[in-house]
Amino acid sequence: MLDSEGSIFGKMIIQILNANGIETVDKVNFGTPDILRKALENGEVDLVLDYTGSGQYYHPEDATDTSIWNDPQTGYDLTAKLDKEKMNLLWLTPASANNTEMIAIKREFAEENGIVTMEDLAGYINAGKPFKLICSAGFAENTMGLLGYEEAYNFKLRDDQLIILSSGNTAEMLKALSEGTNEVNASLVYGTDGALDKMNLIVVEDPAQVPPVYLPAPVLRGEVAEVYPQIEGLLKPVFESMDLETLQKLNAQVAYDGKDAAAVADAYLKENGFLK
Amino acid sequence: MIRLTQVFKAYGAQEALKGVDLEVPEGECAVLIGPSGCGKSTLLKTINRMVGIDSGRIEVNEQDIAGYQPELLRRQIGYCIQGVGLFPHFTVQDNIAVVPRLLKWPESQIEVRVKALMEMSGLPDAYRFKKPKELSGGEAQRVGVCRALAADPPVLLMDEPFGAVDPLTRERLQLAFMEIQRALKKTVVFVTHDVEEAILLADRVVVMNQGQILDAGAPGKFAGEVEEPFVKSFLGSEYPLKLLRRYSAKDIGLALLPAWRGAMPESGRRLLRMDSSLKEILSEMMRHGLQEVPVEVEVDRYVRVSYEDLAGHLKEVSKL
Amino acid sequence: MISSVFLGDPAIDTINSAAAPEQGKFARHLKKWLVPGLYALGFLLWIFFFDEGLSALSPWLPKRAALQMRTPLHVLAWQHFFMVAVSTSLAVATSLLLGSLVHLTQSAELKSLVLSVSAIGETVPSAAVIALSVPLLGYGNLTCMLALYLYAILPVVRNTIVGMETIAHSVREAGTGMGMTRFQQFLHIDIPLAAPIILTGIRTALVINISAATIGATVGAGGFGVPIISGIRVYDPVMVVQGSVPVLFMAMFADKSLRVMTSNDI
Amino acid sequence: MKETFLKARVGLTLGVLGIVFLPLGTFRPNRVVRGIPLDGEALLEGRILLALAATGLVTAAVIYALREREGKLFLLNGVPWMLSFVPGLLMLILSSARPVGGNFDLEVARMSLSSGYWLVFAGILMLQSGAPRGGVLMSLTVLISLAVLGFGLAPHLALYKEFMNIEVAFYAELRRHLTLSLASVVVALLPGILLGYICHRHQRLREWILGTVNLFQVAPTLSLLGLIMIPLTFLSRNIPLVAELGIRGVGFAPAFIILTLYCLLPITANAFSGFDQVETAVVDSALAMGMTRRQIFRQVLFPLALPVIFSGIRTAVTQNVGNTILAGLIGGGGMGALIFLGLSQSATDLVILGTIPVVLMALILDAVFKLVEERMTQRAGVTHDTLDAGI
């Protein structure tokens, strides 16, 4: 997990399990989410943090109706069901924070141009005014990402209006946006990204709900769940306690303040009585 | 002894050996001579199976070499080549000891052998632990000869062993080799392109061209008329002069010569002795414009050697 | 690769030199350029017919996620080519100047300086150079080109110096003997005789750069790294192959054609 | 050893440029926001003693670099030694420096070392490299700086903060990096040397072997890493044994395989030229003395080719240390994981933290291997130029 959220959740899970006598091996910085998924399927790791909307990539043949992914519950149910049947993977209780892919712009820019929703932004772009978006390849090339936005709001970005990074980490994109690197004035942002306030950024509203809902949830291998049935119960309260605001706050501490993810996780767990 | 019968060898379309017959009796030194590319080195290498033959038969000491495993055959045949080919990472001692070690001689015996060989070839004992790059060209060549002789093989193959050293060292090496050969009486096949070297070392000179043996015989044989046009031109018109170097005064039969009478030549003149080569004697005559010179046979006893004596000797050896 | 010299491998260089002498000059040329030509052809076919091929094969391929390439392959190809071409040619010009300067001044100190800096520079990974240039140059191909430029200098400058140094003393002496000035010697002896080794350095630089330019995708420089890295991230073999094969062709073409140029049997 | 003043002059110029025109450090209120650059002037402001010391040192360095001949003055010859402490001291100073006016959360705020600092560092190393015992001097400089970092003497440096955040992972990735880059060379040794021997013995196969091996070197590492995923995934899915061995499409296995293939060329090519440069006379005489092929290989060819083979191994190791970075992109770990993490989080200091060990590893391994190589060449009793045998 190369992002702050993954690190925080990862460290939390480890601390909770360790505190309850389940020995763990820390592979928190193992790789990108997609690599972790493969590792999970192959049994190289036993538990990963994943996002409900990712089911569309894992079971493309069963997910033809994209609207499933726009609803938190149906998306979670379908993914959990398919994973259980096909891979014997168990989706545990998710956090209630939607970490979806949206577009962020600077506050002054929004006010100057009267942009609140994606429709406003599309109008601005279609008027031919200067616009440059920095985002990940995964977002730019996804029909439920930028391609979907373009279709839903009827605009089209030229190649020179895009900076596509191969990594899906928004920290560098938001930094580029806030500093105006390469005249960037819009960036991909995740729902749970913290410190947007501090950087003076706002998220553009998306009434058409283009991207899928991404709720973070632990995914456990079935065989491991049989050996340690208590894991589900141990993690449930922790994930339930994590709403959007909490997660944003924790993320900001790691990604912006540069604090150690383990320390942040530890502090949160102790503060809320999950750990003594 | 070594016997080759109708040996053929071709590299693709190129015929290197075209039906070679050769016999080298035990204890003799046969020198193969010819221009480069005539097949003399190939012929040499067929004897220890460094080069396989297409047809024919090669015997070493009455045994067909085809029946041997090549490695085992080679350990019984000494071999000495132009670049010396000493192992640069071995000391002199280890270089000489290669074949004995391959034959699993006991170490104590090897050491004795190495010391003896080095003494015989005039290398100081302290050289045993030197690396080849610390040796001069001549010294390295001596080590090469020692190495070839190390396991006391009855047969010795030498491929232009003295080709890469300066003339002075070369002459010294030739004389040293003659001395060793005189003592050990190995059966030797020696390859060279240098006529003088052939004359000096050979019991038998074998002239080759284009994969064939054109003529063979004692060095004297070629002093007289030579029919074969290639042999004649290759050995050259100065052949008799070169041949003179092979013989010394005592070869003429000094006992039959008359004692020197009259005044001794002027002082400061070079004294000719029994072991002076005929070439030196002739040179002495020419230097002073004389027809005859005194040669010391024992202390203060001189005989008279004349130009006719030299010419007569050449005529005699050419009939052998 | 530190301090070792990029010399051509004779065995590989002579693959094409086996042409029979009775063949005409044109036929020999044709034979020499056959393999690089095939690579180029493969490259072009891949770039322009990948989509057709993919849709023809799709019944047999596993279903893929809802990803689609935003930038067509030929644009990626152009981006990749542009980055490599510009950075490498600038680097070659710089290193030829630098190498000649070292050679002409005959300064041992300057030579040791240039060689040791280039040896140490080579140990800095290209990914790190790219990552560290972002705060300086921002995102996009400029950052990537800076890294490629710095990287390409090292092998070329080293081979220029070594190539000119290894020219036999007797050759240069003969030049002096015939009354050539120092500059004439440089022009008519040093440069032509060192050319094969310099070309080998250029070949190394080019191959390294074609390879390193794929990392540019991490800083938004485009190129074939985009589908490769995206493909690795979402574990989509088709995307990985889509980007990997043309870079492979490109690198092999560059390597082979420069080898053909270096083999001097025309 | 003759002192080279050119290096001293170039080094001094770099250092002075770094101090005067570039920021030495950048103070960041938190990890991501744009920092406040601090140049030499800002750093010395109000610190009279420090300013005097700095001026003195720069003056001494200028006199040192401008000499024409090695000076007799002990003090002047001590200049490179004194400079050894400068990068470490600068770290200490920067760690405690704060921009004027402003209230910062010291737990979060940090000081990044900026371009000026690194230029000074490079300049000092360059100046030292020309001095007598340059190697010792440069090592000393690097060691002092590492010690300042490692012992936590400069707690407010961003480099240190990043290090503390990932300390456990850092050492694990370092081990992973070394394992990947060295073990892959070890695995490539035997096939590489064997292939080199086959090239030496069979002219016909030579072109094919060297051509194929060259292909792996030419092929972009990233594309090989991507391509190898496919067969490995297929294998691990369909053959349980393979999966049990831990071989999977991502992670250690593909990185290891590609790195192994990648270092085949230098080893094979050097083994080949190593065997080939053994004089034919030596091999011929070994053959003529009745050595078997195996004996010739073991006793003659291999020991004589060893220095050249070894220089191929050195090339393979140093190039592998750098290439292992890419393993970070496919979950293979290593310092690449840190570098790409730093890149994606816009954390320059994390990138530097990942880069420094790679550069140091490459330089140290190269130096050690070179030393062994020299010893070997001496022992082999041959004086061929191993430099020419490299690819």
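First chain written, first letter: the chains are A, B, C and D, and each begins at residue 1.
Note that in this section a residue touches a chain if its C-beta (ideal position, glycine included) is under 8 Å from a C-beta of that chain, and two chains touch if they have at least 3 such contacts.
It should be emphasised that the depicted structure is a prediction, and the values quoted were computed from it without experimental measurement.
Listed by label, the chains that touch chain B and also chain D number zero.
Of all chain pairs in this entry, the one linked by the most C-beta contacts is C-D.
Taking the mean of the C-alpha atoms as each chain's centre, chain A and chain D sit 36 Å apart.
Computed centre separation for the pair chain A/chain B is 90 angstrom, with centres defined by C-alpha atoms.
With centres defined as mean CA coordinates, chain C is found 59 Å away from chain B.
Centres computed as Cα averages put chain A at a distance of 39 Å from chain C.
In chain A, the residues touching two or more other chains are 32, 35, 38, 165, 167-168, 172, 176. Touching of two or more other chains is recorded for residues 233, 249-250, 330, 340, 343-344, 346 of chain D.
In chain C, the residues that reach two or more other chains under the touch definition are 134, 218-219, 225, 229, 232, 235. Two chains count as a pair here when they touch; such pairs are A-C, A-D, B-D, C-D.
Note for the complex: chain A touches chain C at residues 32, 34-35, 37-38, 56-57, 60-61, 66, 134, 137-138, 140-144, 146-147, 159, 162-168, 172, 176, 181-182, 184. Residues of chain C that touch chain A in their complex: 63-71, 75, 134, 138-140, 217-220, 222, 225-226, 229-230, 232-235. Considering their complex, residues 2-4, 26, 28-32, 35-36, 38-39, 42-44, 165, 167-169, 171-172, 174-176, 178-179, 195, 198-199, 255-261 of chain A touch chain D.
Across the complex, chain B meets chain D through its residues 48, 50, 70-77, 79, 81-90, 98-99, 102, 131-133, 144, 147, 157. Those residues of chain C that touch chain D in the shared complex are 1-7, 9, 11-12, 14-15, 107, 109-110, 112-113, 116-117, 120, 122-128, 130-132, 134-135, 207, 210-211, 214-215, 218-219, 224-225, 228-229, 231-232, 235, 237, 240-241, 243-245, 247-248, 251-252, 255.
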